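Just below is one structure, and these are the notes that go with it.
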């Protein structure tokens, strides 16, 4: 692991600690990655706890999800990371979280509309609160290749999609680097929680 | 206490700190144990605060709940730990928590059905979100031997039970070792909180 | 400040940090004290932040609330602490918190009934979950002497009262020492939050 | 940066860390400032994360919002800070937060009435819980000069206004120094959360 890789890994470890304190990556839930170059990424290994990551919990894989080191096993959902890195060369990091709010909302709706929030400005291509985005919800599927293909078809049709949810499972968000991806997770989770709290209010 | 015991104790102390930060072991609530061998376990002493454990708060007891050291008093609910270790030799750790979500749900329902969550995959024998488990709720009882017998009868009839609740009291979860048991607590508490938040929403 | 006082102060400072992390002592809200002997107590000074206490934020006062040091000003609500220390010589510490749950409940009800919780066993004189206690709610009053007299009359009539609330203001709880008082706060706040969450659920 | 400036910056950094732990400044949301003298202030730079501030994230600007250092860019909402410092010479610090509670409430109401809370005593000019204040809600606007003019007109008409909200965006609060402003944020956020929790209860 070179110095740049170590920096990426340290930013991912810090994101994991923050997310776990917030309750967004319970147990071994979630997975994180960062692009290294045009053809490879660093990604969390299968089955580790995302709030207690160490550098040895990361491995290098190509964008077909194949580990470069013999004997390592990448996260079960590696192909969803690959899909994003192949879809857009500007994507430098992908973060997947399981929060209470995103899980509850994703089990009830086929898409989450976020409108009128100042924090929308954290999302790609948005410069005003006076905007609306749809975060689509995909049905969960243990066949990750099939799920990745559905995500890919959706993003090709609606390239402005800022992030997506998998029902009962969680959020996939991304950015040019780990910090931008993390900031978007913070903004999205904030807006999801606002939506959930709003729906619990009396009329 | 030998080196292996000290490792077990350190993992239980760390679990307690995490659980207390989350509000899952208020005051002296909860108790934790880890199996040492076929016939003995380490278990928290009676009356200590589970977020501020030190090695001296643990004692060794046999699987009838009898402390091996003279003058020590094991947790009031020791027999519930014994029941699990005797029921299944593969159980290596037992964690009991009192969260807001598990307390509120356990006071309202006779069992909690968890279905469609990705995190179900943390539970024993489940490899897909497309599953449903029932976490049974037992009526609380200050006669712990009687309560342990009811739990034992239930588990013998339904050995796939992944964990159980005691009404107004809390969760009992287990695993092959302390970390697996803790991960299951994190996953179960997450799903309980999702259930509770969902039930607070308007239709 | 002698060694015993310093120990009491350190336990109160630790309680304040924990309570602030939980959101139970916002801003300068709350106040804490510990009995020194039959006639004096240590109590937080007026206007300090209870999550960031230092030893100099405490002063010694007699049980009429009069500071022993010239020029120090005790907490505005000192007479409520005095009432408890005079009411029962076994009371060694008094903790006053402002949580979301205790504030919301105290604005809606004239008393909070807690029944069927395992954590009731943390309260004085209770050894089973199969019990019920009433935490009375007093109307708030900026005339603290008058409020203290109302509390005193209530406690003399119902000496088993485990703690009390002031409407829109917060909880007063106590114990033989700082740790027992803190554990009772943890248990009471837990049960208040359970009550609040339960009331937000659909029937 | 002189010694007094460094102290102000350290207090603002500490406030940011606390607010982020509470979830009140997600991502790059929020901004903070402290007055230096009659004509200048320290303010957070544009686009930095408010929970992870370092001294280099602050710059000096005059009360028209113009940075004194060449090449620095002040927070996008600098003019809202300027408005307050120009409006009242006694204002020494301004803190802007984005909490779940203030965001949800500000999207539903044109003003938030806070009455009967002991913590009202933290607000300017209030010495009893038996008071009521209105926290006005302004419509969000990406034209900050126009928004600042609306705020200014409102405050000139109702100078007792203790703080204000921007719909879907957040809270602006202030005080004589950073600590007083922070304490008011803690008190206001507490009362907003109480209001939100109350509205989620069944009748």
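By written order: A, B, C and D. Residues from 1 in each chain.
FYI, a contact is a pair of C-beta atoms (placed from the backbone, for glycine too) under 8 Å apart; a residue touches a chain by one contact, two chains touch by 3 or more.
Predicted model only: the values in this text are computed from it and were never measured.
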**Report entry** Neighbouring chains shared between chain C and chain D, ordered by label
**Finding:** none
Query raised in the report: Taking all residue numbers at the chain B to chain C contact, is the shared part over half or under half, that is, same or different?
Result: different
Report task. Can you grab the rotation angle between chain A and chain D? Superpose on CA, round to the nearest 5°. Result -> 90
Report summary line: In terms of CA centroids, furthest away from chain C sits chain A
**Report entry** Distance from the mean Cα position of chain C to that of chain B, given in whole angstrom
**Finding:** 31
Report task. Could you put a whole-Å number on the gap between the CA centroids of chain B and chain D? Result -> 44
Report task. Would you mind listing the residues of chain D that make contact with two or more other chains? Result -> 21, 200-201
Report summary line: A full list of chain pairs that touch reads A-B, A-D, B-C, C-D
Query raised in the report: Where on chain C does chain D make contact in their complex?
Result: 21, 23, 26-29, 49, 98, 100-101, 103-104, 107-108, 140, 142, 166-170, 196, 199-201, 203
Query raised in the report: If you look only at chain B, which of its residues touch chain A in the complex?
Result: 21-22, 116-119, 122, 127-130, 179, 183-184, 186-187, 189-190, 193-194, 197-198, 200-202
